[in-house]
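Once you scroll down, you'll see the structures, which are given as structure tokens.
You will see chain A twice below: alongside chain B first, and alongside chain C after that.
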Partner chain A sequence: MSTKERLVNEELIERLSWLSRIKLSVEERERLSKEIVMILGYIDDILSLDVGNEEITHLSEGRLREDSPIYEIEMGRELLGQAILEEGYVKGPKVFKG
Partner chain B sequence: MSSEKIIIGLEIHVQLTSLKTKLFCNCSSNYRDMPPNTNVCPICLGLPGSLPVVNKEAVKKALLVALALNMKISNRVSWARKHYFYPDLPKNYQITQYEGKGVASIAREGYLEYYVDGNLKKARIRRINLEEDPGKIIYHTGSMLTSKYSLIDYNRSGVALLEIVTEPDFSSPKEVIAFLQELRSVLEYLEVADFNLEGSMRVDVNISIEGGSRVEVKNIGSISEIEAAILYEVARQRSLREKGIKIEMETRHWDQERKATVGTRTKETEEDYRYFPDPNLPPVEIEMDYLEGIAKEMPELPNAKRERLIKEYGLSSYLSYVITSNKKLAEYFEEVMKYTKIDGEKAAALIVNDLVGWIGQERIKDIGKLVPPAEMANLLELLRKGDISIKIAKETIPELVSGRKTTEVLLSRGWLGRISGKELDEIVERVMRENEKAVEDALRNPKAIQFLIGKVMEVTNKKADPKETYELIVKKIGELQKRTWSN
Partner chain C sequence: MKKRGKVVSFIEDLKNGATDPYAYVERALEEASRKDPVLNIFITMKSEVPDKLVNGKLAGVPIAVKDNIVTKGLRTTCASRILENFVPQYSATIVKILEREGAVIIGKTNMDEFAMGALGTTSAFGPTLNPINTKLSPGGSSSGSAAAVASGVVDLALGSDTGGSIRLPAAWTGIFGLKPTYGAVSRFGLISYADSMDQIGPMSSNASDLAYLFSIISSFDPLDPTSSHNPWGNRIEEIASKEPDFDLLRKLKLKIPRELLNHPQAEEYVIEEFWRKISTLEKEGAQVEEISEPILLKVPQVYYVIAFSEASSNLARFDGVRYGSRIAELEDNDWDSYYMMNRSLFGWEVKRRIMLGAFILSKGYYEMYYSLALKARAVIKRKIESHLKDGSLIATPGSLISPLPINYDATDLSKLNAIDAPLMIANLGGFPALTVPTGSVSGTPTSMQFVGPSWSEDKLLSLAKVMEEMFT
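For the complex of A and B:
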């Protein structure tokens, strides 16, 4: 589906807001609607380019590593300095909204 | 109860527990029993600027499984990001594989054959994917329903998972369980995973009643819970249908405590996951030579071993099935048979019913250490030669399990040597003479013969063959009856 065929409306913005878990004010919704139309236009421009059948997703070949443990210095709980910890666990939101 | 067809498909997540490190970083894959959030690094925590690098061994194991499940293998390994927000997912996307533009599953379109009540069935495998395990969520109240917040341990985050997706080819919990047991055996034979470890196999079940929407039940932790979850969900869907309520397509969570499925209210659709090729992970070609090398390493799989044990040792298909369902047990059986000429079926029956009975299923992995194959073979060889009775063989087994040696047990108990023939005949005569009351009982009630057999066993220190003893007593009681009537 061409991105132009996709209707940028209140419902779509609402859905994107839910998917990204970001609450939006009325002003933000209006501003985002305009920005999303612009972004989709840009993507349409990209899609209009004729690149043949080749699907180039990467310019280089991937690599594999051996399955051997290395104990790096940069490991462990100190990496979670920004998180709220409770008995060593990271505190997060509740997952069931019943 | 209505009789519409039940349609079940499975999504099985198997941890590649045989790996030493996680899928994309060098953290240990053995996260169990570690203090929370200590087995983590910038890569598995998804910190900005970190770059994942694929574990070679994980790819190899996935290819082994693909070959064993008769699958079409991709010519390159590629990776996609699956986006969703959940506290256990540090990057807010999971690195996985996907059938889409520029990316593909490592393998697709295979099958696995399995038996249900002796009938051969075939389940199609849609695809297998390598992906990273998320962290683990703990609920401080013990239940996701009542906890006001979640607690997350990222030690598991990034451990290699193999996702195996089947076609909806099952119509009962029985089929599902038989299939999963066969799959487990295959994966054990391939030394991909140790299923004694908690959480090493997790199954999501897609259930629908013909003509209805598909409901996905997540979080089923063990094979034994699967039957309960399926039965609950089928009953729930049937009752909705009977009330004329439409069954919603949704994801439900299996609550192990309450033995019920609970709606999780996630409304994500395939599109919402925004799959796209992971820019940090360029694809890697799978060379034909490499694949051929892996195929050469393929061990004998349970089905092939099952057939061979029947042919080579004359096992019944039942005992062959039981023995081969556990790789360690099958290896043990063959090792024992190297040292004895006993009939294979007899040896298998004693190993499966008695030895495993005393050891317990969970200790089968150590069976060779608990009772060395040569010790077991020694016992079986004495039985074959008629030096001990089957009763003594059976009673010696628990002693072997507790670490004693065959000859030591038999000598200390005075069990070596079997009493039969004329010698046994004389003992039976004597026992019957000394227990007139019991003989009278036996004349009226054949069940009372058991008492006399017990007496003979006592007198012979269990060295009498129970079957021969039984036959002798029955014969003698029969003769007595004839005499009584003719008088």
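For the complex of A and C:
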């Protein structure tokens, strides 16, 4: 059994499903277990790269904008047009369990 | 005979009163209704000619838009069940530009779900078929946009390119595609997959119209913090309308990465055809030099580490609370279970990439994979820049392999490495890259890709015009 295969167990799949907030079926769990070994085997190729003291660079520095609204207030309201609304509030699920 | 752009000609005729302003759109809608049932080009298609046309640089010109670009009032799905009925309340900046200039969006094109895929087969709406041969994939992820152009429905389409998603389908369907410099076209309203690499770009049936569309869509947008002012003035629009500049060939320097041409999965006829075209360019005065950069074979692996990580963050917004499809009942669920159930609507490829991203970014693996990939990206960018700084372009085949069957098992990673490696260089470095058709061999389209330094689109598009005249 390779290191990757040992790493990928039921506990890891459960953790990834939780971290990603994606509910998986039994078949999907099995499929992910197999495919994750294959894909990690592939991307592990980069582990042998010698990057020395390379600095992490960004393609664009980006811009900070003035701290003032750039969108019309109406646009914000419109964006919530597809939420479940109740008495003018967006209705979400319970935050506290139990 | 010099080739003229179809859109450029239409606009000229329109100015001279020599054409019916509605004719172009009417024809496109007719063609779309005929071709779509066979090829599955569109997810959402319009059927009626607008009552009024807007005057502008694209007045009366039909265009197909990839379904990850939001359009106010027109369903935008990203080819996903999670956005199956999502109708945006605002339009992307690029859509506003098109509408301001009079273009008529005739439909939203099919694609790999959230642009994740190379074959156009991960769409929740079924795959798009290749107009050249319906047993083959048209390439992805901008599969529908490429098929719309290649099948003759439209001459212009918008795609997006995060890891070759404009250029691979362009290569496999025999059309022109440009991935612009990162920041050259606004991404405001493009639904993100991996935002440090995502870029909207034009696809077209010919080089002049490709340049013409690019001249219109490339502009600074204050709503996109990574948008930049372009340095070209009117140059790109002039390239669209003027004769091909053959003098360019005498100044052209091409560098050819040996490792890519010798890729174990590269098809022999593709490589032979590539060298034949290079030899023709050389006879016309181009300087050609082979270079060696072994790291290029690891470009896809670096790309995937970054793309999975960014995807896991970017797609966290799809929760079914504010918008999107919901399968969980609000009253019966807490926040986590609601979120988890609704997000099970993602297709498998999307789920897989999000979860791999979560793995890569988790404790113990962040430094090992993610930080390393970002540093490797910087190394690759620097190496490529050093090859391009003397004004050279990097040349490769548009695709090292022929279009794959539509039912191809995408778990064969060695073939995917051959597809990805030449294309993803441009995304990692933010460089512009152009794919041009160069003819066909036994009915299969052949093509070349050119990667230039940032903001060299004027040179790339001039070259596209020359290549079009020489090889098609």
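Please note the rule applied: the second predicted complex is superposed on the first by the 81 of 98 C-alpha atoms of A that agree within 3 Å, B and C clash if a C-alpha of one lies under 4 Å from a C-alpha of the other, contacts with A are read in each partner's own complex, and residues count from 1 in each chain.
Rule of thumb we're sticking to: contacts are C-beta pairs under 8 Å (C-beta built on N, C-alpha and C of every residue); 3 or more make two chains touch, one makes a residue touch a chain.
Only a predicted model underlies this, so the values are computations on that prediction, with no experimental measurement involved.
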| item | value |
| --- | --- |
| More chain A residues in contact - chain B or chain C | C |
| Which superposed partner A:Ser17 touches (first chain B, second chain C, both, neither) | second |
| Partner chain in contact with A:Val95 - chain B first, chain C second, else both or neither | both |
| Touching partner for A:Val51 - first (chain B), second (chain C), both, neither | second |
| Partner chain(s) touched by A:Glu35 [first = chain B, second = chain C, both, neither] | second |
| First (chain B), second (chain C), both or neither touched by A:Ser68 | first |
| Chain B versus chain C as contact partner of A:Ile43, first or second or both or neither | second |
| Partner chain(s) touched by A:Val26 [first = chain B, second = chain C, both, neither] | neither |
| Chain B and chain C footprints on chain A, overlapping residues | 19-21, 55, 57-60, 62-65, 70, 75, 79-80, 90-97 |
| Chain B - residues contacting chain A, complex | 19-21, 26-28, 35-42, 45, 47, 53-59, 77-78, 85-87, 101-103, 137-138, 140, 144-145, 147-154, 253, 262, 264-265, 268, 272, 277, 279, 281-285 |
| Touching residues on chain A, where the partner in the complex is chain B | 19-21, 55, 57-72, 74-77, 79-80, 85-98 |
| Touching residues on chain A, where the partner in the complex is chain C | 12, 15-17, 19-25, 28, 31-32, 35-36, 38-39, 42-43, 45-47, 49, 51-52, 54-60, 62-65, 70, 75, 78-84, 90-97 |
| Residues of chain C touching chain A in the complex | 86-87, 89-90, 182-183, 196, 222-223, 225-226, 228, 295, 298, 301-302, 304-305, 312, 316, 319, 321-324, 328, 330, 333-341, 343-344, 346, 348, 351-352, 354-359, 362, 368-369, 371-379, 381, 411, 413, 429-430 |
